[in-house]
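One structure follows; several queries about it will come next.
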Amino acid sequence: MNIRHSSRAVMMMALVWASGLTAQPIQLEKLEKKTILLFSPHPDDDTFCCAGTLALLAKRANNIHIFIYTNDDKGSYDPEMTSERLGRIRKAEEEEACRIVGIPKENIHWLQFHDGMLEYASPRDLVEQVTKIIRAYRPDVVLSIDPGSEYVRWHKTDHRMSANNTMDAIRAAEWHLYFPNQRLHDGLAPWKVPMEALFYVTPKDANYWVNVDDVFDVKLAASLAHVSQWEPAIRKYRVDWDPKELDALKQKLKARAPKKDGHFVEAFRIRGRFNQP
Amino acid sequence: MNIRHSSRAVMMMALVWASGLTAQPIQLEKLEKKTILLFSPHPDDDTFCCAGTLALLAKRANNIHIFIYTNDDKGSYDPEMTSERLGRIRKAEEEEACRIVGIPKENIHWLQFHDGMLEYASPRDLVEQVTKIIRAYRPDVVLSIDPGSEYVRWHKTDHRMSANNTMDAIRAAEWHLYFPNQRLHDGLAPWKVPMEALFYVTPKDANYWVNVDDVFDVKLAASLAHVSQWEPAIRKYRVDWDPKELDALKQKLKARAPKKDGHFVEAFRIRGRFNQP
Amino acid sequence: MNIRHSSRAVMMMALVWASGLTAQPIQLEKLEKKTILLFSPHPDDDTFCCAGTLALLAKRANNIHIFIYTNDDKGSYDPEMTSERLGRIRKAEEEEACRIVGIPKENIHWLQFHDGMLEYASPRDLVEQVTKIIRAYRPDVVLSIDPGSEYVRWHKTDHRMSANNTMDAIRAAEWHLYFPNQRLHDGLAPWKVPMEALFYVTPKDANYWVNVDDVFDVKLAASLAHVSQWEPAIRKYRVDWDPKELDALKQKLKARAPKKDGHFVEAFRIRGRFNQP
Amino acid sequence: MNIRHSSRAVMMMALVWASGLTAQPIQLEKLEKKTILLFSPHPDDDTFCCAGTLALLAKRANNIHIFIYTNDDKGSYDPEMTSERLGRIRKAEEEEACRIVGIPKENIHWLQFHDGMLEYASPRDLVEQVTKIIRAYRPDVVLSIDPGSEYVRWHKTDHRMSANNTMDAIRAAEWHLYFPNQRLHDGLAPWKVPMEALFYVTPKDANYWVNVDDVFDVKLAASLAHVSQWEPAIRKYRVDWDPKELDALKQKLKARAPKKDGHFVEAFRIRGRFNQP
Amino acid sequence: MNIRHSSRAVMMMALVWASGLTAQPIQLEKLEKKTILLFSPHPDDDTFCCAGTLALLAKRANNIHIFIYTNDDKGSYDPEMTSERLGRIRKAEEEEACRIVGIPKENIHWLQFHDGMLEYASPRDLVEQVTKIIRAYRPDVVLSIDPGSEYVRWHKTDHRMSANNTMDAIRAAEWHLYFPNQRLHDGLAPWKVPMEALFYVTPKDANYWVNVDDVFDVKLAASLAHVSQWEPAIRKYRVDWDPKELDALKQKLKARAPKKDGHFVEAFRIRGRFNQP
Amino acid sequence: MNIRHSSRAVMMMALVWASGLTAQPIQLEKLEKKTILLFSPHPDDDTFCCAGTLALLAKRANNIHIFIYTNDDKGSYDPEMTSERLGRIRKAEEEEACRIVGIPKENIHWLQFHDGMLEYASPRDLVEQVTKIIRAYRPDVVLSIDPGSEYVRWHKTDHRMSANNTMDAIRAAEWHLYFPNQRLHDGLAPWKVPMEALFYVTPKDANYWVNVDDVFDVKLAASLAHVSQWEPAIRKYRVDWDPKELDALKQKLKARAPKKDGHFVEAFRIRGRFNQP
């Protein structure tokens, strides 16, 4: 007899009852021909945290879509910069970073909030919007910012709303009675995301590390495609790098890149079958 | 000389000054003929976390009232289910669970929010509403979800708002200048809740455990009265259990039930005299 | 070659990459002739946490400004008290406490929210307002409530909004494209706060302690200037102390005052160059 | 054959199609033993507009309930006045005015908003609240502020929200699928208000006039029971009138009282079977 | 010399200066092969007001798209009805009505709000959403509810928000600096709607009448396709009509249908070049 | 005996009682050495409606302050235009227009909202902000947009919020119990605005006309100082006019300028002693 017990009731009781359940995560970087969605607050968080993993996944014919909450049109010290122009620059940089990683620009989707303003969006509308995306794409994996393993982690504008909202949408997407007009008008069935891989994890929360040795240079190149996020272009915009400065920065970043057991890694917290905690 | 110093000033200073104060909690399960309020986000959180304790308290002639923020009308995988019907089912299940525990259905109060939508309620209105409840009932104990001993814990829809809101209302209820129309128009005096017992605690935050050995079967029965929260009814609703499935699930749950020192327990974090931290 | 790399990109990568960067905080209490802003949720949090440090800084010709989010017009058990009167009392007490510490009352600025209502303010407007203050004063140091080193810490009304909002405003103040009308209409340039000293820290988050032995009596006097926050005035308002009661309380507080290595201290978490985490 | 066609479809089409339908209003002041609800933004609008009609209705054993949105705690020029005290004064004055008219104080219900703040209430919550009242009392007549016969009339704080909200709640109360938790949890059936009598009408919108000759003195006395709304008490509060001043004011008001065809009248716009326009 | 002066400045001055400008509206019903958008609060307002005009336009190869703000899932007296089911019924009825008129169901777009809840949507988000639709379709004509020629007309839930929002979106769509992310991320250029035809006009505001003699039966059939909006199905749902009842209702409606100069007409207020008033 | 009766009670009763009161407006354009505040939604509404009146008032040594709600940074068809740049242009144009009229640029105050976004501001905060301005300046006259003599007139973004908000703030400013922290913390006394002159009136609402024959050229020059609001600069920005185009436009505007009894006029609705209607 093989009774599957309700994830919800078991999940809630697992919070207070002794639990023998342990997640048996699939090996993230070995996935093939799957649909993978990544939700990022800004066009660079995806690159800085996941470019290596994405590059590995792109090579294995996965269908990767990047959803970016904000257009990142505020973060420049250049006094001549305007938001309109910075938005264009950041879009181009994201497209270039994705190209390096192996993701076509058609797969980049912008939720069109302004930088720093995501916190002030209507939270109900935002959950509904992302729930629709999840039900439409029916992803095998969602990558998103870790809201914290047990506590609400973020007090950084955009990151907090992004982290919580993606989680709430994953939860809502599972039940057809949430936002039922999506079934009625769009023909979208509910969808339970089988795997969540959360980035921006603290060291104590990480439970999964992807070895990115083979794609480390790709990751570095993608990170540095966000030219306007780095000195000197963040102070006085220029479209490209001085080769010497670029080289120096590469060395510096390489020296500081996170390692585990002698390998370059990207850290995640994998959430398996249970949404909570 | 017996000077009681202001709880507020001492409380705040206690955060930064060395404190010799320790809570001396009353023994929760030994209370008799007291007024006890429990605030629950959904009609099952109370049962899953506290049914044993409630059963013990009900036996001792305590006046227990359950306030449930939402009607839980979303959480079913059954494609034929409607929110209207699920709301009715969940109400009946809660009434049955409470009956098993020993609480009459007249003592169940619904705040009438829809499942998953509590986060989007007006927080000010919600605090005012629960403050009025507290001032009207003047409870000796409030049971509620733990918002976290030091950090904001929840990123689960409804749980977070419920945890924070009950706490904020407890705080507001104490001071007559909060929501003064309740004194003016309803004749309600301020009320300082003497004891807060918080459930859904993490293991490291728990500081009190109720031995529920004597009522463990009651607890199990009450938990299973929430038929629609479990397999198979969560996928294809049926009003009752297949006896064999029920028996198997009971064994499974009993095996996993939280124990301490060889006894079945329910864990709490007791907050005594000080609201904070 | 002396390349400064973008704080933002490095900051974000530092969350996921191994970081060799360590804050080298300036010695807070040794500052002279600097501009120092303190943001406090209520008119007493500044005193209870920082009066000693402020007294030391005031002696060294620093230009200290206190910004208080709420007027604290709710927290009295006195049934005859009104909010209007309590607001006046609390204002006078704050002015007296600041006078004792060495800060003129012209340097106290009220953001004019009512006690307990800061959570319900428009968060976007509140960030804009405090961003303008920071850009106008261009402080060398900001003192504010610690929102938590890694997690969102507060579930106390006013404290949470105050902690997060000041942090968000510090972040926004740095980038001219946030709230650009402040540059256009007020001629305000962006400002990057060089040092943040956060109070109401938990013991495990504190990383800096100011020795306040020399000003401990000043701190005690300032704390007790908030007469209406203490017994017996919090229950039945009186404008001054019974000398005996005052003396007893002083002894009690002195006995409990936080110490480190045998000295009276005030604890902080210093955040240096990086906004995050 | 007696087919009643849907009020809704006919109503909407009546806006664009030529309509032969005319309201056949019941004679308002002749009602007996009916349930009558009046919704007023402040505790005086009911008196100033409807005291005569209410007095006539009270004599005929109607069950009249007054619901007052705000507590009117702002409108005094007396510099010594506090909101707390003004709220108490206004409550007592309303009770006295109702007593004069013949309505017991148990039938006065306060929705507990502060004066001038109704516009900032959550409109969804407010509609839900008043919908519940209507479903619970099942009134034969609702008296409320006229939102305008065709256009939205009000730009006065509180009056606008009150006018629109009562109308929206009347509409929602009729359909059981609005706020279905009221049926589920409170056992409240939907209710279609058979008659709406709207006050504060413009002369061109009025379509019904109640002759109040017989109760004009009652109306005058009730109006003047709101002592604090008039000179001199509005500038320097006193609990009662100088008899000479009172007499002069009575003469003045009597001279200006609205008349029609030689009789003292109160004007209304009766809306009959159709909610709209 | 042929100087076109700014519509905006002239428009604003036209409000206060004597104006010689008069709208020269295109003949609405003679349009061919144009793109026409209709915005309707519920799935029946379009039919009741415009079915004749739409039928004429559909015959002339216009590309007509219907955007419906809400799903109309509340308006039934049938006690057995659920919102889920009513939403399905209303969707099918709208599709049938459009089919009769000559509009394929692919051209019906649902904005997915629940009935009666549009007022509580985020107004900023709603304008942004409809602005995007206008920029994407670049319509030659927009049909929408008349917000009033000079005053804000509506105090009916959903109608008001719908009327104002469509107007605000038309205005915003014209200027590329509103919601600039639509240009940046979606490649959408601004679009100035050349003609607005507003329905639900009052008789005094109407300035254009479409003769619908030739399609009156089509209009009647389309109106009656909304079975659940009429007696008896509004009280006890049935999917079709009793032929006798249907015939009686048809006669009744025909007798009341709006006429002008002996012809069946649909009335509009045409707004031409100027957005305002 | 000289009894002044409460404006409020009389005002409210005047709505339903026959009123013999008539406004006796001061002659607006004859005022001298008064404080005059004008509230404008955008930096051009003041000029287009009131430049002549302002020029007359400026000559008579009145202290005129212009408060502009938004920065008007959206309304350009120029595809190269950015919001940042347009904001700067509009600010400079307003300063130039005011200079021509005789108002120094120090007297222009920007409330710093973005164009088209005023509707989405927190209405409570906005009223509080303008109430503070009124209490601080204690104006003899306020000029603002007419919200409608009886009905709410505006459905144009920014104009509606601006019209209603200024009116609400005038009302709130009068009563010290509104926003009492302004008295407590800023020492601001309540202020009753003696005269309101409302512009953007409809012809039927106007009740006062200022003869601007003597300053008509000033008005024309000021209007044309808003270069970017007119063709051709609204399509392709240029800082100045082609002299020939300018001349042609002047002729055209002069021909259309509003006249009464053969004189150039500016129309207003004067509200005298009573706030309502």
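Letters are used for the chains, namely A, B, C, D, E and F, taken in the order the chains are written, and counting of residues starts over at 1 for each.
The working rule: a residue touches a chain if its C-beta (ideal position, glycine included) is under 8 Å from a C-beta of that chain, and two chains touch if they have at least 3 such contacts.
The model shown is predicted, which means the values in this text are computed figures rather than measured ones.
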Required steps from chain C to chain E (each step between touching chains, minimum): 2
Any chain in contact with chain B as well as chain C: A, D
Whole-Å separation of chain centres (CA-atom averages), chain B against chain F: 55
Separation of mean Cα positions, chain F and chain E [Å, integer]: 34
Averaged-CA centre spacing for the pair chain F and chain C, given as whole angstrom: 40
Chain B, residues touching no fewer than two other chains: 82-84, 148, 151-152, 180
Every chain pair in contact, whichever chains are involved: A-B, A-C, A-E, A-F, B-C, B-D, B-E, C-D, C-F, D-E, D-F, E-F
Chain D-facing residues of chain C, complex: 82-85
Contact set on chain C toward chain A in their complex: 1, 3-6, 8-9, 12-13, 15-20, 123-124, 147-148, 150-152, 163-164, 167-168, 171-172, 175-178, 180, 190, 275-276
Parts of chain C lying in touch with chain F, wherever the complex brings them together: 71, 84, 87-88, 91, 110, 112-114, 121-122, 125, 179-182, 184-185
Footprint of chain B on chain C - complex, ascending: 44-45, 48-49, 73-77, 79, 81-83, 86, 115-117, 119-120, 148, 151-157, 160, 199-202, 223, 226, 229-232, 234, 244-245, 248-249, 252-253, 256-259, 266-267
